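When the chains are written out, they are named A, B, C and D in that same order, and each has its own residue count from 1.
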Amino acid sequence: MAAVMAPLIETRGLTLHYGGLKAVDGVDFTLEAGEIHALIGPNGAGKTSFVSLLSGRRLPQSGRILLAGEDITRLPAQLRVRKGIAYTFQITSIFPRLSVFDNVALAVQAQGTRDLENRTRAALARVGLDGLEEQEAGTLSYGHQRLLELAMGLALKPRLLILDEPTQGLAASEIEGFKALVRSLVPETTVLLIEHNMEVVMDLASRITVLTFGRVLASGTPAAIRANPAVQEAYLGA
Amino acid sequence: MSNGLLHPTRRGLLLAGGAGLLTAALPGHVAAQAAPIRIGFQLHRTGIGAAYGRWYERTTQAALKAINDAGGIAGRPVEILFEDDATDPKRGSEVVDKLTQADGCDLVMGTLFSHVVMGSAPRAGELKVPYLVCSEGYHVASGALNRWTLQPGITDVRAQISTMAPWVAANLGKKVTMVFPDYAFGHDHRDFFTKAVAEQGGEVIAQIAVPPTETSFTRYFPQIPAETEVLYHVMVGPAVLTFVKELGEFYGTGAKPALFGFVDSLEAVDTATPGLEFLEGSHFWEAHPRVKPADAGEHEAAYRAAVGVDDNGASVSDAKDISTYSHMFSTWETLYFIKQAMEASGYAGPADRQKLVEAMEAISDLPYGIERPQGAKRFNGKTHQVFGTQSISQVQGGKLVKVHTTTIEEGLYEDAVDYTTMSF
Amino acid sequence: MAFGPFLLLALMEGLVTAAVLALAAAGLSLVFGVMRVVNVAHGEFYMLGAVLAWAVTGMIPGPAALTFLAALIIAPVLVAALAAVADGLILKRLNYDPEATIVATIGLLYILQQAALSLYGPNANPVPAPFEWRIQLPWFGYSGYKLFVVLAALAVLLALWTFLSRTRAGLIMRATQVDRMTAQAFGINVDRVYMGTFALGAGLAALAGVLVVPIQQAQYLMGHDPLLLSFIVVIIGGLGSLRGTLVAAVVIGLSDGVISMFFSPTLAKILATLLVAMVLVLRPQGLFGARA
Amino acid sequence: MRRNGLRVWALHLALLAVLASAQFWLSPYLATNLARIMVLAVFAMGYNLAFGYTGLLSLGHALLLAAGMYAAGLPALLWGWSAGPAFIAGLAGGGLVAAVLGLLALRTAGVSFMIVTLMFAQAGFLTLLYFAPVTRGNDGFAVAAASRSFLGFDLSTDTPRFLAAFAIFATGLLVSLALMRSPFGRTMIAMRENEERSRMLGYNPFTVKLAALTLSGLYAGAAGAAYALLFGYVGASFATIQYSILPMLYVLMGGAGTTLGPFLGALLMFALVEAATGLTTAHQFIIGAALVALVLFAPKGILGTVRERWAKWLP
């Protein structure tokens, strides 16, 4: 029973230094399958560094990362993607000179090339970019580029989708759509969300983890986090 | 051909020859009315062979003028189209193509560097156009090429070397160390000299092959064994002067072996250049003595005057501009060889090319004359190779002074091929 | 020859190679480091330095030492001016795009080479050394001028280092190297810095060319070798690191000399080339670069 | 990608039809040169796969060309292989050397990659010289007539040579077009455009680039073998840096990352050299000036500019 119930992601004492700076400092973290989990904290708290370790863009100096009980600490990033961890970039990282269609097709075909066209169109439709297939991705508006980034992540059919500040630069009207979209992903896909917009966080997240100075300050339900005095101090006192 | 538009300047270059001819030959001569014989010249105008190419062009222009002034070939005027091959084999074969097919030349001549010859000869064979090289390489007589490729203007390196070995062993010493460029030209020297000197009771005790890309040589000199009696050196390319200078610095005032070099190491280089003092007393092979010898033949002066070279082998307009004297005569002699063969075969046009090659193969004795300023030659129609006399010169007072001349017979060797049995 | 003297000679030769290389590579490294431009025509600036040295020493009457000194000043200045013009006419208009500048400098290479061939000719011409002094060691003789080249290169590199670390212009250059945008934000005229850097880089190559010409003669194809070696030195030394460039030049100069003691020359060249290539493969960031 | 299929294929097939018929309406001189251009265009198409599509700026492709040339030429010289097997050997030689080169050099990127490939090519050139007893060194060798026949056709004569060059070119062109319209082609382009993003989509950049470089080597090998067998000469000069710069120039001139760019570049370079040698003896100057003008006024190459301005559908 224990093996079946292993959390989707579990980290133990995860540490990443840049020179003398400890960006991630002994983080123990658990992510249960099917939840929407938000990662919050002040700027420089180590959120992006932490998800870089999860996605494999960086390798930790010490600590372990388990994906459904399997140790993936030193697995190259591209193999983690194949195991179902998808990452969308904080600063949009698309293929600006390729068409919108090609951008998403690249994600789709990484999973196998059957029915490429329909699956690509479906992923685009899901984020509302249908009709823009032929446009050069670099010429999209910023909000549309964020949606494209999201479509690429979705097209990977991930078990875990890591969203790094997905609402940044979105208009208020777009945020509503985004929230609906994320909600529709669970429970098939687990979502780990780095987000500054507290309204979005409180609205979406089933659990929240707060990082400061590379350490976990608190972890719990939105209500518990809101009530936590240490979090209040870190956020309001700063 | 439709691309005549593209060649104005090169044609323009030839106007000098052509116009001179017309004025000289107009009254009473049919020559002026006849279509010119057109010779394609594969020229190393750029690339590593450019220093040679420049003098090959000058000498050829001089021979062209001399021939046209004397009525051309079989009464027809001659024009030469020079085309740069960048001293590159691929471009070389394209140039053969262009000269033959686009420019309609009757034959192609003039190549010096042996890799360009190797790259171009197959195309000449395919086009069935006579291809007359001026390269010294043993590749013609070795049988590596084809029926259409001949070398009628200059003795090949195998024969040159074989004639040097007896003299070196008898006069300089028997323990020889060789320094040579690490490619075919150098390998020919290595192989044939090693064999030839062994036949004289001498021995090559070390062979130092220098990469052709090298620009500095000092670090190889310690590999020269101390017991060396003769240092045999041959270098080509722009680094030759560096080589000789560094050799001088290395030995300096200390004990040194006798030096014997091929003048290739100093072609286009002034022997009186500062830094070359140590060459004083050393010996060089020369095909055609750069400094006019006291016993020079009767046509020597006329040849020098025609080409524009003074008695020291320098350009008449610039005493520092030294010619490639031991090689460039080959283009002059090749042109006269063409004239002789064309007139003998009654050559009328490209349809007679095969007849022309057969006429060339039938040529044997080539006596001394203005046609052959370097000296009498013997052409071997079977191997397509010509043989001539060689000279040995000593540096005396900074000048190359001829001290020995070999006979043609000394350079002859057994035929390795009979091209006349090959199909066209 | 006994092993000891043989080694000594190899080391001396290696040092001379290293000195010339360090000068040429320092120029390339500056251009590469500050402007991120791969200047394929760098070797041609070296060649122009040598050819102009020949022209200057031939035109100016006087003792060899004096004319050579004149060449040492005039040739690099002329080449630097030419480079500045090329920068303004071509590179600047390409916005220093890495790929486009590679093509443009290949074009420049052809143009400069052809200019040298047409105006100067195909021959290799010697330039007399400023002084004739041979050192006679017990085992072999050696050119005193070659040792002078080593010292001169050291002096120039020292001056360059002082310029970069102690003067305002040097500081501006380094600031631009670190971050072009920020430098611009601080009111630095980046265009002028780039032009100056390109000129300085070309001038250093030309200076190396002038120094080498009494050893090697001026010839229009002579830029090829130093170009390749300079690139290697720059990359092994790490981008924009003057110290790295110097060390890498010494390492490559000496290893080339020493390897040639043990193998036949062509084989030695092959091994030295492979050795350097493998260093780059195993340490892509160079010996001294922190990151690629 | 799938869209515009009709006109893309129609354009390529029309070009091939024109080329196939060219031997009937071109003079023998131009037809022979067209055969040369097609062989060189195969080399350039291979370079385009690595550089134009995958973003690998190599200066070592001369090594791959020479690998194909010698892998085809040496068995012909030493054991008298005929053109068919020799060509296959050349193809394999180019691919194999490219794969080994990639395994080593692809550990580096950018300018380091350029220099490392250059150095391996230089070492390859020197190796050809060092083993001169076998390779015939700098002089090279002529390929014997017996080895220049394929199914009874004499490849040293005009029509069979032209047809062989055309067949190799057409195959190369159609393969590269099909490749670029396939998912793998899209993956190659993704490496050029944004390697890190590709990795985060699950692609292993190393293996993709290795595959692209090996493919590129197959093209270079085919071109080298074809040159040896069709034009009858094999020599070390083909391993010099000039022959690494050449395909780069063709590709940049025609348009990097376009299927037809390499051929157009090879064709125009030939025309430029022909025109330049006719106009002046300083023809290098013309080539240099053309390069500078090209990069200033049409930085994406001719077809790259055409695609940008007028025909976005060009592959």
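Here are some notes:
Keep this in mind: contacts are C-beta pairs under 8 Å (C-beta built on N, C-alpha and C of every residue); 3 or more make two chains touch, one makes a residue touch a chain.
In UniProt terms the chains read A = ABC transporter ATP-binding protein; B = ABC transporter substrate-binding protein; C, D = Branched-chain amino acid ABC transporter permease.
As the structure is a prediction and not an experimental result, all values here were calculated from the model.
Minimum number of contact steps separating subunit A from subunit B: 2. Averaging the CA coordinates per chain and comparing them to the mean over all protein CA atoms picks out D as nearest.
The greatest centre-to-centre gap from subunit D, using C-alpha centroids, is found for A. The distance from the centre of subunit A to the centre of subunit C, with each centre set as the mean of the Cα atoms, comes to 50 Å.
With centres defined as mean CA coordinates, subunit D is found 33 Å away from subunit C.
Note on chain placement: the centre of subunit B and the centre of subunit D lie 36 Å apart, centres being C-alpha means.
If you average the CA atoms of subunit A and of subunit D, the two centres end up 43 Å from each other.
Looking at subunit D, residues 126, 129-130, 281, 283-284 sit in touch with two or more other chains.
The set of subunit A residues that touch two or more partner chains is empty.
Residue positions of subunit C touching 2 or more other chains, listed in rising order: 114, 117, 266, 269. Because contacts link the chains in a way that matches no line, ring, star or complete pattern, their graph is best described as other. Pairs of chains meeting the touch criterion are A-D, B-C, B-D, C-D. Contact residues on subunit D toward subunit B in their complex (touch as defined above): 27-29, 32-33, 36, 126, 129-130, 132, 136-143, 156-157, 227, 231-233, 235-238, 242, 274-275, 277-281, 283-284.
Touching subunit C in their complex are the following residues of subunit B: 46-48, 50-51, 53-54, 182, 208-211, 213-216, 218-223, 226, 238-242, 245-246, 249-254, 268-269, 273-275, 321. Every residue of subunit C that touches subunit B in the complex is listed here, in rising order: 1, 5-6, 9-10, 13-14, 16-17, 114, 117, 121-124, 126, 128-129, 132, 134, 136, 140-143, 215-217, 219-222, 225, 257, 260-261, 264-266, 269. Within the complex formed with subunit D, the residues of subunit A that make contact are 55, 57, 76-79, 81-82, 86-87, 89, 93-98, 101-102, 105-107, 109-111, 113, 116-117, 152, 156.
On subunit B, the positions that touch subunit D within their shared complex are 1-3, 5-10, 45-46, 83-84, 88-90, 93-94, 97-98, 101-102, 114-115, 118-119, 121-123, 126, 137, 139, 144-146, 182-184, 187, 211-213.
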